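I've put the structures underneath this note.
Heads up, the next two complexes both have chain A, just with different partners, chain B and then chain C.
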Partner chain A sequence: MSLIKLFLKIFTSTVILLLIYLPIALVILFSFNDSIYFIFPFKNFTFKWYERLLEDPLFLKSIINSIIIALAVSAGSLSIGIPASFAFVRLRRNTLYVGFIMIPFIMPWLVIGVSSLVFFHTLGIPLSILTTVLSHIIYSIPLVVLIVAARLISLNPNYEKASMDLGANEVQTFTYVTFPLIYPAISVSALITFLWSFDNFIITFFTIGSEITFPIWVWGSLRHPTNVPVITAASSIVILVGSLIVYLMETYRVKKGIGIYAII
Partner chain B sequence: MNLEKIRRKISINLLYSLPAIIYLTIFFYIPLITIIVYSFWHGEPLYRVVRTFTLENYVKFYTEELSQNIFILTNLISIATFLVILATAYPIAYFLARMVKGDTGLKIILLILIPLEMNYLIRVFAWRNLLGENGLLNSLLMFLGLVEQPLTIFFHSIPAIIIVVLHNALPYAIIPLYITIRSIPESLYQAAMDLGSNRISVFFRVTLPLSMPGVAIAFLFIYIPMMGEFAIPALVGGKTYLLGNLIVRQYLTIGNWPYASASTISLILTTLIVMFILFKFLGVRRLYE
Partner chain C sequence: MVLLELVNIYKYYGKITALEDINLEVGKGELLTILGPSGSGKSTLLKIIGGFEEPSRGKIYINGKLMNGVPPYARPTSMVFQDLALFPHLNVFNNIAYGLKIKKAPSNEIKKKVREVAELLHIEELLDRRVTQLSGGQQQRVALARSLILEPEILLLDEPLGPLDVKLRKEMQLELRRIQKRLNSTWIYVTHDHEEAMVMSDRVAILNSGRIIDVGVVKEIYEKPKNRFIAEFLGEVNIIECIVDHVEGSAFTASSGDLRIEGLTAGKLEKGDRVNILVRPEKIGITVTPLNDRKNSVSGKVVEIIYKGAYSDVKIETEDSRVFIARTFEPAYRVGERVFLKWDREDAVVIKE
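Here is the complex of A and B:
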């Protein structure tokens, strides 16, 4: 028994270190390396890739665009998704309804991307940041519904009943009882949709047109070998900021007891 | 009166979900119908479309050897990737769910999730440098004297795709497996032991069957994105050409939209059939109740 346990322990830690962390650690390490090649031995320590990065107007523009898109996606999908999750809780045994809301969630992103492309093209709408936002919201709605509905299901319905019994009307019950109880789920889904949209490449690739977002910038830069160290510098910044945000969010989530299931 | 009550309930729910229904209809279902319509039209390269009904795009997709092979290869790679990920994720999920006390398991899952915040293209790129001809792996193997020439099997190949997807998708397999294994009541294990099972038969008769919904969810999260993946094969796959690459090329480079739409519809149908089978036979629904 303890032998199996020991084996599993070693297996788990090896996989996490070698498979998950090693490639990322290497990216950060080589962002300080004074060479355009990604090979050992390590040359001199340098900050020049970071300087080069901050001078790149496209990079700054791509980050700003990505943030704008992600904010819009987050706001849009929350305002559509939160009301829908109330209905979702009551209709969750209705296969037709659940299927209607969840099918965008289980489609490969490629399908959302190409169908949006064809749709916008057919209507003659030029591709831009707006079309990217519209296509991102398709996937974000079921994401928000899953997270908020999971919280609503786990709520004790007696809170609402008690509030009604004590004389609150429906609006008051929502403002003073239901909303504070589901607030953690709402803030988590806001963050998750933001991060998802910021990171999405596949849908964006089809609907962004000639504009640029951060993943599109990375995709473009990957084709120029001389740009490789600049990408490592950009990635290091994004991963440090991103990890911090995710860490704070996840500890908040564990503290508030929001199902971890909701992340996927 | 009862009927009236039901009607009222439905109308409130309808009102709540009206924005979602309208939004998804306009921006998801109508575009889907658009590509279905396109797939029955006659198309030629450079975005020329003749609006006459024809089945030729589907006939071409399912009978031409090239697209047949791509379709089969994509399925095989997706399934192989799933099996590799499952073989890696199951022991980890089992360890975290059954052999770690308290919520330490959740904390370790958190540790696995955090680095995934980094853009996935960047992670693909990191692997490219690790597995490449002059990459770390090869220099290590040559330094140890295990090989004399740099190994090419890990670069621009199918194994490279599988390794990169393994890195990307591992948490999406670990989390559902962890949750299902964790939710198996301790009393079932004790009962099985009391009735004379040893650890191995407890695993095969209790743990494994009861964790099947988790396996199914993991399959869903790996197989379906993999069927539509085009960036990973393009970056590390070398000459590997998957269904996603075919669709992207037809839409953006060649410009035969009807044929591209027929390929996309075939992809959607495959996805839906797989979903249906999983929900019907593996009890995925149980997880949500």
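Here is the complex of A and C:
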């Protein structure tokens, strides 16, 4: 028994370390390497890729655009996804529609990207950040519904009944009971839709037109071999900032005593 | 003074009839128990009074005002749910204070009232705890405090002591009764446990398959049940089916095989009527010495002794294979022993078939 446990422990830690963190560590390592080739032995230590990165105005612009898009996608998909979750859970008879809202989830990203392009083109809407946001939202809604509806389904309906019984009307009950109880699910879906949108390349590629986002910038830079180490520097910064945010959130979560179980 | 009045209440869930022609009046300061087996419609009835379900037909009046269509938050009732439904994101204090905070009561008044009700229920030390850190009995008290603080005209309790262990349940029954009397408030208490109903209530309404089959003072219903179902539902009972031989005023004699029975009846009986004679186990005396009087008595062998703590139930089988149960506080009998049973004619209840 304990042998199996030990094996599992070593196995999971090795897999996580090797498959996830080793490539990341390599990227960070090579971002300080004075060579455009990713081979050992390590040449001289340098900051020059970081200097080159900060000199590139497109990099900063791409990051800002990505954040703007991700925020808009997060807000947009939540404001559609949350009411939709309520509709699905509370009006249980409409099960068929649940299947329909999940369709974007099943379609390949490439198909959504291409069809969005055709759609906007047919309507004569010029491609821009806005068209990217709209396409991302379509794909994010199912994510929000999946997470929020799962929480709503497991929510004991007697909490809301008890609140109404104690004198709270529908709005007060939502504000003081329902929302606080599903809040963890809402914040998780906000985070996931943000990250998903920030990371997305394919749908963005077809709908962004002449604008730029971080994944598009990476893609563009890959075509100039001398620029490749700059990508490692950019990746390192994104990884570092991302880790910092996750660290802060986890500290908050542990401090508040919210268990993993409370998230979904 | 009538506080709550239910008139011809029906409730259908699709094809299921959950409640059928319910008529009930509850007076101010009364504790009424609704007693019925699982699925008999007890929770449905409470939900209709509390405003969580609308009746399919019929009218609800509280203080003479029609309550149909009035949402729960506008009714002068409060419910302690079967699963309590304490708010898991709030601590004990905020759970109890919830109703007053919604009413926007001043914070010093809230503090004062929470302290008062917490003292009443002995939970002053728990106010800072998370509700998930409480034991079942403590959660029970918090749920009760959360409702009582609003001083509802009618408190509705849905099998609130269900999950507690027997000892704690007995303690809580007495304590709830004490609190109800002290506050002189009106409670409707749902349970499927007839012993609990006897401890708790002024009056009891017995519900079966969505119908109220009897309402009354619990002692009277127990001692003079209207029919076999009620008698059996309220605890162990010996039933003898027999035919009336002779009637003289309120006294009669009847027989069942070799058995000769004497009884008293308030109703009308005639020679040849088929009747059920009901005798509670605690009304039957056991002895090992043979009895002279053969009326209202049987003899048989002890087949089982069921130990129940303070008393024991002795199961006796007669020569003609009838089974009787007698209750004794001194279980000085052995299985296989021959014993004699006897009861007084005043203790037998007669029900016409």
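Convention: the second predicted complex is superposed on the first by the 224 of 264 C-alpha atoms of A that agree within 3 Å, B and C clash if a C-alpha of one lies under 4 Å from a C-alpha of the other, contacts with A are read in each partner's own complex, and residues count from 1 in each chain.
The definition used in the following text is that a residue touches a chain if its C-beta (ideal position, glycine included) is under 8 Å from a C-beta of that chain, and two chains touch if they have at least 3 such contacts.
Because the structure is a prediction, the values reported are computed rather than measured.
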| item | value |
| --- | --- |
| Partner chain(s) touched by A:164 [first = chain B, second = chain C, both, neither] | second |
| Which superposed partner A:135 touches (first chain B, second chain C, both, neither) | first |
| Partner chain(s) touched by A:88 [first = chain B, second = chain C, both, neither] | first |
| Contacts of A:23 with chain B and chain C, given as first, second, both or neither | first |
| Which of chain B and chain C A:156 touches, first, second, both or neither | second |
| More chain A residues in contact - chain B or chain C | B |
| Touched partner set for A:250, first chain B, second chain C, both or neither | first |
| Which of chain B and chain C A:3 touches, first, second, both or neither | neither |
| Chain B versus chain C as contact partner of A:177, first or second or both or neither | second |
| Residues on chain C engaged by chain A in the complex (per definition of touch) | 50, 52, 71-73, 77-79, 81, 83, 85-89, 98-99, 102-103, 146-147, 150 |
| Footprint of chain A on chain B - complex, ascending | 9, 12-14, 16-21, 23-24, 27-28, 30-32, 34-35, 38, 88, 91-92, 94-96, 99, 103, 106-115, 117-123, 125-127, 129-130, 132, 134-136, 139, 166-167, 170, 172, 175-176, 179, 199, 220-221, 224-225, 227-231, 235, 244, 247-248, 251, 257, 260-261, 264, 267-268, 271, 275, 287-288 |
| Residues of chain A touching chain C in the complex | 156, 158-159, 161-169, 172, 176-177, 180-181 |
| In the complex with chain B, residue positions of chain A that touch it | 1, 5, 8-9, 11-12, 15-16, 19-24, 26-27, 30, 37-40, 79-81, 83-84, 86-88, 90-92, 97, 100-101, 103-104, 106-112, 114-119, 122, 134-135, 137-138, 141, 145, 195, 199, 201-202, 205-206, 214-215, 218-219, 222, 228, 231, 235, 238-239, 242-243, 245-247, 250-251, 254, 260-261, 263-264 |
